[in-house]
Structure formats: structure tokens, C-alpha cells
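Both of the next two complexes hold chain A, though its partner changes from chain B to chain C.
On to the complex of A and B.
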């Protein structure tokens, strides 16, 4: 029902969140087609399953991101976009930035 | 919060209209891109203005940095210190509205050795920092942490501050500066030469030094002590660099999120007496070099957003605490506690931070002059000269009592019989380390060492004692610390010997 969505992820951090993703900072991904629209909550699950291989506790907590990791959707604060409920659009640009020291 | 969403997802999906239409609270026209504090939305331009103004306001309000003064910026490559660097650049730029008037320099301390990174990794990081600094055009100094081993004991001595400048002097200095404006920017020749020397090549690191440093780091038994020790050494090296290169102020990039964590972890580490100095805007514990924290009004979120939006480059360099678990150290645990609390209660950090603003040290003027009254490691006034009926003494006694249990510790010295050696008992443990003492036999706790260890403790504040206690041996400490400890000990011994003949100025 919903077409493929292309996304660009960027992982930036002080604490090395990108280390969790094998040191790769930028990811271009295409999400599989599914019957309902993709939202950020589902995206996090997808990331956890497909990109994040080790130590998921350093990135997610519950079904949101770990406190201290900021999320930007198309260069705007995700708090303005509805956080986990934001519905992803094609060509969206999502940035995760960690402000934590030890993560 | 997340659970609420889950339970009422059906409802929320309809009520929560995509709030992209939110407007900036300041100009009320443009679309907001960032939410700071509790619910203040800013657009890109207003956020930039707000951010830049805050930096200038911080320096303007405190009137500590005089025009034409040389200021050393400590940049670690992280977002906060890089943001500070970009704010200084912004403030010094020709078209800046209210120009900053000091002369900046940059220092980067490469802690790769302490964090156990490979030589190649460190070289890459150094080269990255070099490119970053070259782009600013400021003089810079790349200093490997190994240099801490070559410091002289004088680093640990509080230098007299040049002169007490009253508040009115600031205004006079600014006026004078503005009159002689034609000569600005004063980039003296000697400074450039100095710069060339430093920047010609990346500093060489002796492998033996790296090993010594790693030995020192691995001699600490806990991650908490390791982080404390590293921050002390880093601080010494920063002060040393500032002194030798002729800077009189040192700018650190601590943001308020960081300071809130530091405040709570400092309390947990027993540094309550030093809080005001550790987290305040300015810190004059070194006398001649004043530490300033101009970023202390920014939250880490503001900094990260600013850096991202305005392409402020920062370099990620893994440190001692990278990828460690929450419970690996007191500092890490506090950080995760504060950030988790902050997620649900957005005013957590600001509340803690406002508290730190109100703290003041009851500084006794007479003590400041006396070198012996400052801690050997952190250079704060000693908090251990308290009367017998205090929590500190009680801790010492209970520590002493609990130490007498294991039989192997009493083999080296027999402290129980000697009523005067309260300190000797507590420190004997310092090098006992159970297994180690057994292996090396008496050698580890041999008689000439014991008094040295003992005396070292008496020169430290409560918190630094805990750090040193967590080290298997103080012998790995850099020579300058040991030498200074010996010197202070000789001093106090001598004072004791001749005390009968001194007309005591204290009483």
C-alpha cells in the first residue's frame, strides 16, 4: 500500500553512537513496503534489527531512543514533529546525535 | 510517557496533528526548528542570534577577561568545546556586533595513551585536530598527555596572582583599549614564532612515556579513580601549557548539562568542599591562571543543534569512558541518572545547575597564601583540617578499625600497638592490595616506602585521598607529584622540628 521510503541516517556523537554502527556515520536505506505507514517508532525497531548488531542498550531504551540522544528529522527537532508518531516520508533525512559521554 | 502513548494510541493519532506548523516564539513568523528549555520553540535565525548573544552576555556579565589578554581555549574535539571555539571566532570576526577583545590560542590534549588507543589512531586524531585548528588561524598547541611526566613540581604550587584588579579596572581597561584601537589586532611577532615551533610537526611521543602513563592508569583499580586521576593530570597539563605559553586565562567548554553531572558526581566523590571551584564560572585556584567556563549557560541540546545547523565541525575521539556501561564509574552512573531524569523532567539540569551558581567557598584569605594548605592533586584548599568530632575523623577511625581485620596487612607494620599512627594504618592498605603484597613479600611495604605513602595522604583533600587509595601503588604517579610531596613533607617536618622557636603567626 505504501511505497518504498528512502531515508538517510546520520549518526553523530561524542560518545560514539556511530561506533555501534560499525563506525559508519551515514546510512542510505530503503525501507520495505508495508501495509501501514512507517512511523519513527517502527523505524527504531527496524534499525535495531537491521543495522544495530551489538549493545542495543546504548542506543534504544524501551521503544524510544536512549535519553541523551537527540533526533532531528529534516534538520528540525523531532519534538516539533510528533516524536515517535511522526510518519516518515520519502527522502526524509534523519539524524541521531548523542550528547552522552560514555555511550 | 511512552506507555501512555501506547495505551491511547488510537486517540492520540487523531488529536496530535503534525505540529510542524509551530511558529518561533521570538519572531512569531518563521517555522520553528528547535525546542529548548521547556517548550520554547525557536526558528533557525532566532536560535542563532540567541546562541551568539548568550556567549557574549556571559563574558560581558562576568568581566573577567580583560581586553588584549591572552586566553587559552581548551578544545577536546567534542561538540561543546568546538562550539566554544566557533563562538570565539564569531566574536572576533570583523563584522561582529560587539567584538570580543582578547587574543585566543588553542590547546588540545591528546589522551589517547590513557584511553589505550593505538599510535596510528592517535596520529589520525592529531592530524584532524591540526586541520581544524589551522582553519581558525589562531595559534595552537597540540600536547600529548605524556608530557605530564615531564612537568616540574612548580605546577602544583599556587602562583601569586599578578594583582588584584577591582571591578572598576575593567571599565578603565576597556576604555583604554578602545582608544588605542588602531593597533588591533596585536599579533606580535614573537607569538608567530612560537606558533611555528609548535606547529611545524606533530609532537613526538616517546614510547617509554606512553608505557609509563599506561602503567599509571592501570594501577588504578576502579574506573572512577581512573577518570578522576585523568582529569587531574589533564588540568595540570592545561595550566602548565597556559603558564609556559604566556596565557593568563584558560577557557573550558563545560556546558550546563555536563556541569550538572559534575556537580552531583563531585558530591558523590566527596568533593563537596570544592564544588564552587569545580563548577563555577571562574576558578582562581591556580593563582595566576584563571579558569573560565563560558559555555556553562548552554545545555548540551542547544550546543548539538547549533553545531549541526551551522556546520560547526567537531571531531569525535574515543576517550576513557567511551562505550562503557552505565555502572562502570560514579561519573557515568551520574550522567545516566541525570539524563534519564531530564528526559521526563526537562528542568532537572537547570535546577541542579542553578544550585551550583549559588555555591560559594568560605575562603580563608590566610590559607590561600600558604602552599601547604592546598591539596597536592586538585590544588583546592584542604578540607581535612577539621576538629576531632567531625564526620571526616569518624570515617578515618572506622576505616582504621575495619582495616585491622585482615591478618596480612598487619605483617608489614603493626599499627595497632602504635597509637600515633592512625594515618599509617589507613595508608598501609594503599599498597597492600591483598595479592600483590603476598607476592612481593615485604618488598612492597618495605619500611622506607611506608612513611612516603603516609605523608602523601596527609597532603591530599578527602576526595583525592579516595582516588589515591584506589591505586595499587603511588609510585606510578608522575615524578613531579612525588617530588612535590617530598618537598612539602620536608617542609612540614622542619616546621615541626623548629616549631618551638617560631613565634607562631597563626595564633
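On to the complex of A and C.
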């Protein structure tokens, strides 16, 4: 049994991805209880089903985020944390950043 | 009395001539000090930068306030004077960067930009002045830097960095600063830095936000380690589309200068495996720990597949400029020119003009008789706005004596969003709203300003 997981996730950069979520940058969500621990891969599916109604291709590609979005787990690059396989903990802070290119 | 007046006038004339002669002499003297800035249209070999044996008295005075810092000191200052830095892009990031590097006494500055100064650059590209409009940015930046510190050797390059010239150019410099404004150039600069073993101090800015990382530095990751694949072109927003507050690239360019100076002086950068993010709205900085160099990286990994520079515009699916792309989504009969639209107005043909730009742009300028419904609201089928559109169509139908498909013309800034809107409206026509004939006004309001009404503002 796993307790409910509370997550905050943010779109720090107004590179466009946050527009998909109706311009809301910060989401506080509680994931439903499930028998297995939640991982980031499942979180991305959950976000698509519950928060992202249109144009998912601007956020996901295959089972990961699309190129140009960097994922941070508790202020670290998700690559350091296991990427899609990272098991979410209660009160985790997940951030999606759009890479900026302007100058 | 008259005689005294006369002699005074003669004396004045004499003094005026003397002043003019002195001014001329001074100008010549100044000229002989500083050789004229020569704009480079191609990459040429440079003579090696020679190390100064010691600081002169003038150097000591000029740099005294930074010489006092134990972190820099005389040794650091001498290190700066023997370091060359290539600045790729003399825009919102490159201007403050070049300014602070020159002020601090960097040895040699390569200033590269293919573009010319425009009025819409001046709010953020602070080395250029009104009088430089139409001139090469590289030259304009170099002359401003020269005024600030004539002891810094400045080399302005008026050219587009390309797979053909990038390696030859970058090999001649110690540190590279990426101040560019587009994705293909960022991959090109990264690969050239990896292939020639140069540290890359990279920053970017958009709207109210900025990002900074030092790549390929002391065994740390490169740009491709972080971003192995380029973003889909339609997800990339540039400054001319998305806007940018001038001070934001200003802040990021200054941060870039700081990291360059730390590397050049020997102090070292702490951003080699770190992403610094700046949120201008919240006035907050955030530092993120990044992944290490990736063993499977295509350019800096163990078995690299990129061993020479490739075609980056093809790789990224976009052009190496920040100019807006021109979409072509519609057939010829779905589009009219701004001149066609002008004659529709002149004939007072009943129609509806729909402006699909965001409200913030409509506030800048609009045609007074247009109806504004932003593209995003059409795409989301915002009920109030759809209702409003239906009302206008009904009114139009009364005017056109029951035309079963009354004409609706769609306009935006440049004619990209308006094409998307035409596609959306065609889907809605006959179901969500009454049947309409929808056409795009090709080239948008900017074409209107250029060919029909020169008094209409351009932005």
C-alpha cells in the first residue's frame, strides 16, 4: 500500500509548454493511491490524462517529455535521479523547464 | 569704437582658426593611436595574442578597483590581457557581455554578427545607437567597445557562423560566448567548441526569463549531453515573436561576462555542471545541478557520431536566424493580398475582418473596424467569443441580403497565425457557426503597413 503522493509541479519557463496547461504555472496535485509506487513515467501519463487536454505533442513524445523540455526533480536534473524510473516521494517537487534560445 | 569692434572680430576669427587647427591635430593624433576598425567579412588567421610582461602605470590606475580583489589581483589581470574571447551574436546578450569584458581588460574580443542594427533592437542591444541603424552590428559594437577601452583588440566579423567557417574561427579563441538567438547556431557553436576543446559560456533569454550554463568545461557536459535532440521547431519562441524585456538579456549577458572573466583570470567557473535560471518576474535566481558529461553523447561521448560539423539547419528543421518563419498552410484561393483587401474596403463590400492576434498586440495597433478574437481562443472554442463571432456573422448576413456564405477575412501580424485561424474557422463553418467563406490576408498587418498604409505602425 502506498499513501497518496502530493506533488508540486511547475513550469518555470514561459517557453510555451505552460500555455498547454491554460497558463497555470504551478500545480499542486495529489496522485491517487495505487498498489505500486508511482514513477515519473506514470506521472507523465497521468498529467496527459488529467491536466493536458489538447496538443499533447507539445509536451510529450513517446513515453517521455519532448526534446527541449528539461525535467527537474527536487532542484536536480532528472538524469541524476533515474529519469522515467524515479519513484515519486510524498512532497516531491517536479519542475518542467522549456529551454530558451533567444538572445 | 568701430575700430575696436573690428579688431576684436579679427582676433576672434584668428582664434577660431587656431581652435580648428588644434582639433584637427588632435583627431589625427587619436587616429594614429588606434588603427581604424576593419570589418571582417570572412575568417582570417590572427597573430597570436602576446602576454604582457607587467602592468603599466596606466593599467594599474584603470584596473585599480578590481586589482584590489584577492580573487583577481595582478596575476588575474595579466591573465585577462592574454585571453581572447569570441562573442557569437552582438545582440541583447552580446552587448553587455562585450562591454564588461572590454571594461575589465580582456586581451582580444572577436565580435560576430551577420545582422544590421534596427530601431527595434535598441531597447536591449545597448552598445548600438540611433545613428548606427542600418550599420553592421559587429562594427557598431566594436566601435562602442573601442571608445570604452582602446587597449582591447577588437575584431568585428560581419558574417553568419556556418559549418564551413566555425572551426577555423573558434580555434583562434580561448573562450567562446554563445549569445545567439536560434537553435541551429546553438548546436553549431557547441559542436565547434567540443571539436576544438574550448569552454562555451552560454546564455539565453526570452520575455522575463533567462538561463545560463558553461558547457564543455573541465570535463563537464556539453549542450548535446543535455539536449541530444533539437526541440520541434513549432515549440521554439524567439524574441521577435514572444517579446523580451531588455534588461533581462542585460542581466544574463552580465552573468555571462562574470563567468568568462572567472575562467579567463584563472579563478574558474562554477557553472560547468550547473544551470542558473533567472525569473525576472519574481526577481529570483535558481541553480540546478546538471547531469555529468554523457558517455553516449553524439559529439563529446566515448564513440561520437559527430566528428565534424554537420548541417545544423537540417538537423533542427529551422533557419539559423531569429526572423519569423513563413508558414504556407493554405491554397492560393484561400488567401488574398493586402492590396486585394484594400479594394474590398474601397468598394465598401460587406465583410467581417477578424484579427486573431493576442490582446497585447491589438493594443499596440489595429485596424479600427476589425473584430479581435485571439487564435488561442478560437482553438479552445471559448464560448463567449464564438457567440460574439456568430452575432457578427448574423449581422453581416443581413447586410449581404442573405448571402449564404458571407466573407470573413482573417488578419494577424505576419500572416502565420491567420492561416491557422482560417483552418480552424473552416472546420467551424456550417456547424459551430453559420456557413462562411474564410480567407487569409497574406502577410498580415505588417504587409498592410509596408504596401498599403505607410502610416500604420510596424513592430
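Some points to look at:
The criterion applied here is as follows: the second predicted complex is superposed on the first by the 98 of 103 C-alpha atoms of A that agree within 3 Å, B and C clash if a C-alpha of one lies under 4 Å from a C-alpha of the other, contacts with A are read in each partner's own complex, and residues count from 1 in each chain.
Note that a contact is a pair of C-beta atoms (placed from the backbone, for glycine too) under 8 Å apart; a residue touches a chain by one contact, two chains touch by 3 or more.
Just so it is clear, the model here is predicted, and its values are computed rather than measured.
Look at chain A after the overlay: chain B and chain C clash there. Of the two partner chains, both chain B and chain C are touched by A:67. Of the two partner chains, chain B is the only one touched by A:86; chain C is not. In the superposition on chain A, A:96 contacts neither chain B nor chain C.
With both structures placed on the common chain, the touch criterion links A:77 to chain B and to chain C.
When the shared chain is aligned, chain B and chain C each come close enough to touch A:58.
Superposing the two complexes on chain A places one of the chain C stretches 183-191, 345-353, 381-389 or 399-407 into chain B: stretch 183-191.
Once both structures are placed on chain A, chain A residues 12-16, 19, 58, 67-68, 70, 72, 75-77, 79-80, 97, 99-103 are touched by chain B and, in the other complex, by chain C. Interface of chain A with chain B (complex): residues 12-16, 18-19, 55, 58, 62-64, 67-68, 70, 72, 75-77, 79-82, 84-87, 95, 97, 99-103. Across the complex, chain A meets chain C through its residues 12-17, 19, 54, 57-58, 66-70, 72, 75-77, 79-80, 97-103. Residue ranges on chain C touching chain A, taken from their complex, read 89, 91-94, 178-183, 186, 203-211, 226-232, 234-239, 242, 244, 249, 275, 277, 279, 286-291, 322, 376, 379-380. Within the complex formed with chain A, the residues of chain B that make contact are 2, 5-6, 12-13, 16, 18-20, 22, 31-35, 41, 78-79, 257, 300-301, 303-305, 308-309, 314, 316, 318-319, 321-324, 326, 328, 331-332, 335-336, 339-340, 342-343.
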